[in-house]
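Each of the two complexes below includes subunit A, the first together with subunit B, the second together with subunit C.
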Partner chain A sequence: MKQKRQKTWTPYAMVLPAFAVMMLVVVLPIINTILQSFKTADGTFTMANYQYFFTSKEAFQSLIFTAIEAFSTMILAIIFSFLLALYLRFSKSKISKLIGRLYLLPRFIPGIVAVYAVMNIIKDSGFINRFLQLFGIVYKPGLLYDIKGIILCNLWFNIPFSAMLLSAALSAVADSYVESARDAGCSYWKIFQKIIWPLVYKDVIVAATFILMGQIGAFTIPYLTGPNNPKMLGILLYQQVNTYLDYQKAAALSVLMFLLCLGGAVVYIKSNMKEEVWEKGR
Partner chain B sequence: MKKNIWMKRGKRAFAAAMGMTMICTMVGCGSSKTTTEEEVPTVTIWSSGGQEVREALQAIADAYNSNEEYNKIAKVEVQFVVSGTSEQSLPDRLSAAYKAGEKDTDFDLIAIDDSAIANIEAQTSEDFFEEIDLSKIPNYENLIFKDNIVGDNFVPYRGTSVYLAYNSETVENPPKTAEELYQWIEEHPGRFTYNDPSTGNSGFSFVANTIYNQLPEEAATSSDEKWKTEHTEEWDNAFTLLEELHPYLYQTAGKVQYPMKNAGSLELLANKEVDMTPAFVNMVLSQKAMGTLPEEIKLTQLEEPFLGGLAGFMIPSIGKDKEAALSVIDFYLSYEAQAIDWNTMFASPVVDSSKLEGLEHEDWLEETNMDSLRYFSIGLLQKDIAARWTEEIGSLAQ
Partner chain C sequence: MSEKLIIENLTKKFGKNEGVENINLSVKEHELLTLLGPSGCGKTTILRAIGGFNQIDSGRILLDGKEIQNLQPEKRPTGMVFQSYNLWPHMTVYENMAFGMQIRKCPKEQIKKEIKKMLELVRMDGSEKKYPSQLSGGQQQRIAIARALVLKPSLLLLDEPFSALDAKIRGQMREELKRIQREAGLTVIFVTHDQEEAMAISDRIAVMRRGYMEQVGKPEEIYDHPKTRFVAEFIGEMNFIEENGSSFAVRPEDVTLQHDQNGKYEIFQMMSLGHYTQAIVKKSEKEMLKVFLEKDQAKGFETGNRVNCIFDRQQEFAARA
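Coming up: the complex of A and B.
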């Protein structure tokens, strides 16, 4: 009897800490932010905060800039990490094993350290520039304080991350599938198209949405490596708070960014819910 | 079976308790004072800012605690809020304690930049900080900045100021006036930079000077809105000048780029990507001492100096031991403490620097002559300048 009661309460007790934290530090602030975004500084209702972002040229530029940056990072990171994951999965060489051990390393290096490390290599007086000077070549890469710099730094973080997700997915592809297809005379491209891709495309979408959503709210990397203008949305938000002290506009921008991320979340959930014909009853 | 679970739980609880004990011993929570120390009151200094400020305050506090004359009066502790983690928190904590009606708090002494005082007084009250009885601070005699702008409730212990930092290898005759500087910038495209003024006060100082060099001296120490509303012409002139200078500033990736933070512009100077930039004296000197800034980097001040300020002590009315606090202020004004402050963070001394002993890089003191200190304290107008800069000048950089 006692044991039974314990059982009914245990799950709630286990969920409670996480739930309470979620309520306190995620849900409540979101509600508060939404309310604030419809107010003026002295508390009356207004739509002006939203209007500003839909009519301001700067905000529009930021949106486009963020979109270009986010999609470029996403596409490049997925391509590179997919190739890396395929190599790690199907190559049995020593190099592949070594890379398999090393590729997660960037995940364990604090972000800010990594950004400065990358900056020291790509900036105009950085490693690339100094190394080429040894051969008498004066070359300024012009990568830092530019969209290219932001993308480069983000790739550093995102390739290992999505390679990790995709490697896990590729482990679902049994050697026997590939071998039997090869025996039947299938080309590598067909194997990829008909066997590997259907098994992993969902994980590719998951990785892609994660990367994309991460870019929408990105701050540290664009702050340190990005140009003054146009700014990414995260920096625009920071500026509303720190330079203009306009908390209401900042709230409105936060809500808009939240909605953008929500779009990503919908894609993510949909692709996860979708069940393939061959998966039914598995 | 059940017993087994309880045993496991017991073990875990024991382990957790052990862990807590270990943490406690490591961070020293709870009271571990020895009986001799308990006889003297503890004076807690609260401060916020960069890590170097904390180290300097702590170094002087340690010297106080080991000084046989002073440690009979009190024991000093430093509580520090490092900026960037929760910068708002010191003023917030003070106003929270004040509004809660607390009396005997451990906010015995606040060590703070004079520019940050208005903010605290706005959140609490005009008389939140008590008048300081100078007769009980013998070393006040040493002070060379006696008439500070804040008032009788503030005793400065350290100066801060922005100078023009330049590479002496490439710049033989640094500009002496603001006009010469602007001319130099136009003659040497791409070799000057200042950081985005909303991200650091060294860049802000350059921007502010374009306005305040045109205004009467008293404007620099006033937060009165009239210096903006009644002087729109001067403001417009300043921003036109900044716009004219814009294309001659540091460029990368084919466009002008304003670095972020004070450290950002100094880094460009260190890498010799620029030859000149406004910078905080103590940042330049600390970096030179560490070797991250080359020896050739020198400091100079213009005839119309960049902004400066004082950091000092204030005694909140809610503190508990005000008598003991005075002895701590007294010690921070001693020649010994001022020398420690210089050696730890190259803080500009507020006493006659020729009387300091055991200084590292003594020759650098000459470069940073505090006589030229130009007080700057304009309250929220600072935000207005940064905001207008972001709109009109920052937006050009694309």
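Coming up: the complex of A and C.
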């Protein structure tokens, strides 16, 4: 009897700590934030916090700015990392093996260190500028404190990350799939289009959503390398809390950002759930 | 029969020691030639060179009288079937088979007709709408062969196509392949490391070792008259008896046992293998012979009997250094 009771309760006891932590740091703060976003500073109900973000020019500009930055980062990172992953998968050269070992290195460099390193190279008085001065050329890249700077730094982190996901996906494309397509008379472009892409496009979508969602809440990189105005949503949120001390507006913005990410999550889940006939029983 | 494929002085090296050197080989029209050898002997290298997947270092490959060694695989009139993962998993059987014909811009009706014909040939009719994951390994390889054949290759290249299948299916597939080859009048190059498979299906076998051709000939010829010690050892079972600096090779079925109280040999082990019995006879710790006995013959012998061995046929080789 005692043993039976133990058996019934053990799983719950094992789940409890994780569940408690999740309630405490995820669920409760979310509920609290949602409630706060509908209140004024003295606690009465209002929609003004949301209204502000839908009518303010600054907020709208930030949203557009964030969208442009996020989509640019996503598209560039996916293109570069897909090319890299294709090269790593299909080239058998020594260079490919070397890159295969090194490409994850950026992931192991602390974010802030990397950002400062990139800044030192791209800023107007940075390495590019000084190096060109040696040849008498005065060139100011104009990359820093601009959307280009944010995108550049984000590529540093996102290319290896997405290349890792896509490499794993491409490893499921057997050599003989490609070789039998060539044997059948297929050009390289057609092989990509008809054989490789259908086998990996889902993972491309997954990588793209991850990158996109990361950009919506991005803070460190835009804070250090971005312009003052317009700014990324993460910076806007930071200012609401730390500069204006307007916790209710901050809460409303948080909810809006959460909803944006939810959109990404829906795409992610949909593409993961959709199982095609040929994948069944694999 | 005319020469379909001629390979002249083909060399393809990977690094210093691996690869093949100065290979000369010809395959006749409607012939099934097997490249047989242990792994790393270069058989797949030659096959892939014919298919265009290995750029060769030097030499010529002539197919139907035309040099093809510098063509890309997609330009060669060869069809290849790989060991496994042949079919594109995201396409149905029909789509798999239609793919190459669509690239060649064949009319839809013709594609449909050809696929139907080929599926009947490999006895897979009715499976058009299935995906590869819904087929067994043997069925997948049939479709792979059909997919290659639908493009009417001048030469069919098979790279250990049955080695991932289990023994029983493998046996069936051999018979099937032989039938398909006969019915469709195909010229086939088949690569395998399985000597039994090679013996069963080939018109001719090329036995390879470390990048060289040891012997090329009909299966019986290679079995009965191996040119080198390696071939004698590799094909079928073989006993080697070292005597006075030379060694004699005797097939287990070419040994006859005779009861003799003072015989030089003692029966060490008897093992029934179904339709025949395998006996191990021992002269000394070092010298043991394998003997195959007919079921009825075997009844007269028991473990521990002293016997004499009569060699009905033997072949001499230089002793192993």
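What we mean here is this: the second predicted complex is superposed on the first by the 264 of 282 C-alpha atoms of A that agree within 3 Å, B and C clash if a C-alpha of one lies under 4 Å from a C-alpha of the other, contacts with A are read in each partner's own complex, and residues count from 1 in each chain.
Here is the rule we use: a contact is a pair of C-beta atoms (placed from the backbone, for glycine too) under 8 Å apart; a residue touches a chain by one contact, two chains touch by 3 or more.
This structure is a prediction, so every number in the text was calculated from the model and none was measured.
Partners subunit B and subunit C fit side by side in the overlay (superposition on subunit A). Contacts of A:Gln51 after superposition on the shared chain: neither subunit B nor subunit C is touched. Looking at the shared chain after the overlay, A:Thr10 reaches neither subunit B nor subunit C. Using the contact criterion defined above for the overlaid structures, shared-chain residue A:Thr40 touches neither subunit B nor subunit C, since it reaches no partner. In the superposed model, A:Leu199 makes contact with subunit C only, not with subunit B. Judged by the touch definition given at the top, the superposed model places A:Glu179 against subunit C, while subunit B stays out of reach.
After superposing the two complexes on chain A, the angle subtended at the C-alpha centre of subunit A by the centres of subunit B and subunit C comes to 140 degrees, rounded to the nearest 10.
Look at A:Ser187: by the touch rule set out above, it reaches subunit C but stays clear of subunit B.
No C-alpha atom of subunit B lies closer than 36 Å to one of subunit C in the superposed arrangement. Subunit A uses no single residue to touch subunit B in one structure and subunit C in the other. Taken in their complex, subunit C has these residues touching subunit A: 51-53, 72-75, 78-80, 82-86, 88-92, 99-100, 103-104, 131-134, 144, 147-148, 151. By the touch criterion given at the top, residues 58, 123-125, 140, 142-146, 148, 223-224, 227-230, 239, 242-245 of subunit A touch subunit B in their complex.
The touching residues of subunit B, counted against subunit A in their complex, run 196, 198, 252-258, 260, 271-273, 383, 386-387, 390, 394-395, 397-398. Against subunit C, the residues of subunit A that register as touching in their complex are 174, 176-177, 179-187, 190, 194-195, 198-199, 276-282.
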